[in-house]
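Each of the next two complexes has chain A plus one other chain: chain B in the first, chain C in the second.
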Partner chain A sequence: MSSVVLLKIKHTDLKTNFKQIKEKIIEFILMLSSAATSITVVLIVFFLFIEGAGVFSKKPIDKGFLLAVNDSNPITKLEPSQIKDIFDQKITNWKELGGKDQAIVLFRTGDITDYYTDEELGANFEYFPEKINELVAKTPGIIAFFSDKYKSKDFKGRELDLDKISVFKFLSDEEWFPTAEPVAQMGVKPLIYGTLLVSFGAIVLALPIGLFAAIYLSEIAKKRTRNFLKPLIELLAGIPSVVYGFFGLVIIVPLIQSVFNLPVGETALAGSVVLAIMALPTIITISEDAMRNTPRAMKEASLALGASHWQTIYKVVIPYSASGITAGAILGIGRAIGETMAVLMVTGNAAVIPHTFLAPVRTIPATIAAELGEAANGGLHYEALFALGCILFVITFGINMLVEMVTNKQSHKKH
Partner chain B sequence: MHKIESQNVNFYYGENQALHDISLSMKENTVTALIGPSGCGKSTYLRLLNRMNDLIDDTKMTGSILIDGTDIYGNATNVDNLRKNVGMVFQKPNPFPKTIFENVAYGLRVNGITDKNEIEERVVTTIEQVALWDEVKDKLKKSAFELSGGQQQRLCIARALAIKPSILLMDEPTSALDPISTSKIEELIYELKNKYTIVIVTHNMQQAGRVSDNTAFFYMGNLIEYDKTKSIFTKPAKKQTEDYITGRFG
Partner chain C sequence: MNVENRLANKKRRSQKIAFGIFSFTSYSVVALLFVILAFIVVKGIGAISWEFISEMPKNGMTEGGIFPAIVGTLCLVLASMIFAFPIGVLAAIYMNEYVKAGWPKKIIKQMTNNLAGVPSIVFGLFGMSLFVNKLGFGDSILAGGLTLGLLVLPVIIRTTEEALKSVDDTFRQASLALGASKWETTSKIVFPIAFPNIITGLILSIGRVSGETAPILFTVAAYFLPKLPTSIFDQAMALPYHLYVISTSGTNIEASRSMAYGTALILIIIVLISNLLANGLRKYYGKKVKMN
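Entry: the complex of A and B
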């Protein structure tokens, strides 16, 4: 009799043990998925920053090439932008760079045949280094750009020193021309300005419209109208961005061109309009949710005091949902800043600092998308694009933090 | 003439009839208690008096309610003005997330009063009127949420009184409060009676007995009995009323 009871107890023990093990396994699987996600995110960010940081330990000249001047030239160091101006023949005298009053003589490897005959260079160019040496030594105003395999051992010219690319220069230089010869121009300022201008324009256009639509949907529209409109607006968020790009290219770009009488319609404004349309669903749905979360008791209290419907909206509903509206707006901007395809298609992609909304601009994501394909893997250009990715990441990360802060403040207020 | 006069009021939530043929009149400067079990329609009836039910989708009302002889559901009535005249205090204290001062000033501001001195004077007077002045005079600029539940409810009463209504509707104003706060509010109701016509919904029989002149007993959307409070509580005419008051159901 007693042994039967004992057996029964053991049986239930086993059952509970099994249940516990099962739950432990489920917990483990759940933990594993979240761990995998976190690790992936960290890895991506890590990879981005490792690749991006590479650009800052290098000189902006292709590996294996050098710039040299005559030994008598007092100039020892030049900025990338100065070198570009020299080779574009915008600067033609050393005087302009603080040197002697002497015309600048440009020399690229191919120019050697202007000075020496094929016989002098040898059948296999075996005298090439010697001749370059000679040329640099005898031409006081020369600046020569050539591969260091042509640099002879007794080279009499002086190699120009170039600064490594610094974070400050990267951010503050005003020219983006990473494929320029002889020296790459790595200034991301126009790209940052372009990105911010387009996003700013987008938010200026989208915020009022989004806010009005949200107020209408949450406070004024009849239930049936809202049930029809809300899914429609949410559908807007699901349209692929390339389709928005098409729409922008075919409708908005020509419209801007004819309205403002411009030579081309691909402008920052076109980008802003397209991004505004894309940011609208985010702004509308998030603000509308925030407004609908306004406690009924608040609205009733206001109405019971003789406040009109509209007074109640702007004195109770909007202040109460202000942080939700802000979060919606910021997330909208976040989407606009990171958006690539649609912007690439409509903004004209000129990497110059924009002074009006009617100028073509180039944004950071559009630059990465357009140029990564042609940048040599591991090269300077490639790493510069990763550094751009880092900048973008920092901007959007900052925006997300801001949203986090705003929404935390909101939940804090409610308790 | 009666201050409030309802005639054959029916009210529907969709298909569901919540009030059946209610005819009920209240004299000026009296306190009327509406009692009855949950879901009997007493709150619905109360919210008809300031057209608060207008906010709920898919509702329908027939019959008429006259306040000072005017049909409040007639075309000539402006709802905002009606609500200015018919103040309301809710079941749970619901101050705005603003300062104590701004809570009371809200009704004045939305009704177009801009004179600073007038607003200040009215705010102070009404806070004194609800016997809250000594407790809040040093923190008028603090958030209303810093007050206790009972203080918040008195603030809400002050907020309603600031715009000088002639009728005050109270929807279970003490159900979320402790006994001491409750008794303070009851005292307040007793004092306010001289100036206002008060309609109060309550679940608390003793409260109805203490504060009201007349009592209406609702049951399943019907007005079962309406009489002087004293009569209702001592010799109710209907069996249902007696059962409810004595606690046999509800």
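Entry: the complex of A and C
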């Protein structure tokens, strides 16, 4: 009798034990899932920076190629931008670079036939290295760009030294031309300026409109009007960015072109207008939420003192919700900086430092989207685009942190 | 008295002007939405036909339909949701039902927010680096679907959390008091009650995924494919990428304009339907729960 009871107890014991283990396993699975976002963020940082850092250990010249000058040339080192100017024939004399007064003779591998006949080079170009060596040795003003495999063992010319791409140069150089021959120009300054200009324009356009709309929705509109308008404004956030880009391309771009009488309508302004439309829902929703959080007692106190409704809004509601409005504005800027497709389609994508809103510009995300398809996997260009991604990630991460700080301040104030 | 009157008048006038401006801007924003919608509907409606949604593109995308792009987008939505929906929901359950307030919760919350703030093109870079290259999936529905899934993960987590939060605590307490375990309470009581709202989040995510372009540029999207994808390791066309290509870099941009309008309209319709459906569901079940 007693043994049967004992058995029963043991059985239920086992059952609860099993149940407990099951609960623990489930909790573990749940915990793993909740770690997914954190893991993703870490992985994004890891992969972006691993790939992006590659660009900083390399020289801006294609692997296996070299630049050489005559041995008598006193110049030992050139900047990428100087080399580009030489090969674009903007610099034609070594004097301009601090060397001797001597005309620069450009030499690319293909130019060899200008100097030697096919017979001299051999049927299979077997005398190629020798001839290049000879040419470099006998031409004092030469600068030669050719493949490593054509460098003979007793090469008499002198290889030019190129600095590795440094973080500082990457950020401060003013030309972005990553596919340039012979030396890639990796300056992201025009892209950063372009991004900031377009985003700045967008926020200048969107902030007042967004703020006015938020004030109307939270303080003035009747409940029914609000319930009608708010979902519509939120719908604006749901439209895909590529549709905005298309709309900008067929409506806003031609409009800007005809209004300002420009040769092309694809300008920074077009980007700003499209981004402003896209940032509006963010700004309106967040500012409106902040304003609606203003304690009723504060508003009523103001009205009781004889202030008008409007005075109450701009002396009580707006100052009270200032941090929320700021958060909305910053988040709007963040959206604008990271936006890719719409900007890519309407800004014209010229990688030059912009001086006006009426010129084409190119932003960081648009550059990545436009160029990554053509960049060889693992190459210099590919890595440079990942480095751009890092810059973008750091900026948006910083913006998120800023928003977090601002909203935390607000919630502290409430208590 | 006179001065006071004038002051009051001035006050009233400035209020009138200010309020006038505010209501005008609000209605302008909404008008803007209608302008965009109306423009695309008016221009695109002519392109839409049964042929348009059921046939392959022809003649360098200037004629025919967008069937493969629709199929591709469906595949991507499916792939991303199969991956992200369960993880997102489980994560939200953990966050809302299991973990207590403290620093782990704070960190997870913060990371989720950060992930939501990452620009879509960075997801594209990441997807290309990890899924396409490192894991060797190549340009495929799998790589694109995973990338898009990670992108909407924060959306799913947030909406699910909201849904779980709206479940009254008395339900949990009653269930626990009857001897149910935590998981039993969560899976049999809390989850079913929150389910309609969780589905709302799913629908919104589907709208989001079908419109994203930047993350699929380098992970899956193809300019033109003569065949439909047959496995998850195939490339696919997709609606947003199709719109981008034929409106900016097609062989004959002018001739493919009507196709572009049609594609934009289909995209807008998907977004509108998912939004309306989500809102409708929210309202319907919101009322029902209150009635109980």
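In this section, the second predicted complex is superposed on the first by the 388 of 415 C-alpha atoms of A that agree within 3 Å, B and C clash if a C-alpha of one lies under 4 Å from a C-alpha of the other, contacts with A are read in each partner's own complex, and residues count from 1 in each chain.
We adopt the following convention: a residue touches a chain if its C-beta (ideal position, glycine included) is under 8 Å from a C-beta of that chain, and two chains touch if they have at least 3 such contacts.
It should be emphasised that the depicted structure is a prediction, and the values quoted were computed from it without experimental measurement.
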Chain A superposed: clash or fit between chain B and chain C? fit
Please work out whether A:68 is in contact with chain B alone, chain C alone, both, or neither, and reply first, second, both or neither. neither
Based on the superposed arrangement, let me know which partner A:277 touches: chain B (first), chain C (second), both, or neither? second
A:308 in the overlay: touching chain B, chain C, both, or neither? Say first, second, both or neither. both
Now for A:298: first (chain B), second (chain C), both, or neither, which partner does it touch? first
Tell me which partner A:34 touches in the superposition: chain B (first), chain C (second), both or neither. second
Residues of chain A touched: more by chain B or chain C? C
Should A:231 be classified as contacting the first partner (chain B), the second (chain C), both, or neither? second
For the overlaid structures, how many degrees, to the nearest 10, lie between chain B and chain C at the C-alpha centre of chain A? 60
Touching A:337 in the superposition: chain B (first), chain C (second), both, neither? second
Examine A:369 and indicate which partner it touches, taking first as chain B and second as chain C; both and neither are also allowed. second
Which partner chains sit in contact with A:44 here, chain B, chain C, both or neither? Use first/second/both/neither. second
Overlaying both structures gives a minimum C-alpha distance between chain B and chain C, in Å, of 8
Check chain A for residues that touch chain B in one structure and chain C in the other, and list them. 308, 311
Footprint of chain A on chain B - complex, ascending: 50, 52, 55, 57, 80-81, 83-84, 87-88, 90, 92, 94-97, 106-107, 109-111, 156, 159-160, 163
Okay, in this complex, where on chain A does chain C touch? 19, 22-23, 26-27, 29-31, 33-38, 40-41, 43-44, 47-48, 51, 208-209, 212-213, 215-217, 220-221, 229, 231-236, 238-247, 249-251, 277, 280, 284, 308-311, 313, 334, 337-341, 345, 365, 368-369, 372-373, 377, 385-386, 389, 392-393, 396-397, 399-400, 404
Could you pull out which chain A residues touch chain B in their complex? 222-223, 295, 297-308, 311, 315-316, 319-320, 413
Enumerate the contact residues on chain C facing chain A in the complex. 11-12, 14-15, 18-19, 21-23, 25-30, 32-33, 36, 39-40, 86-88, 90-95, 98-99, 107-108, 110-115, 117-126, 128-130, 133-134, 150, 153-154, 157, 181-183, 204, 207-208, 210-214, 217-218, 240-241, 243-244, 247-248, 257, 260, 264, 267-268, 271-272, 274-275, 279
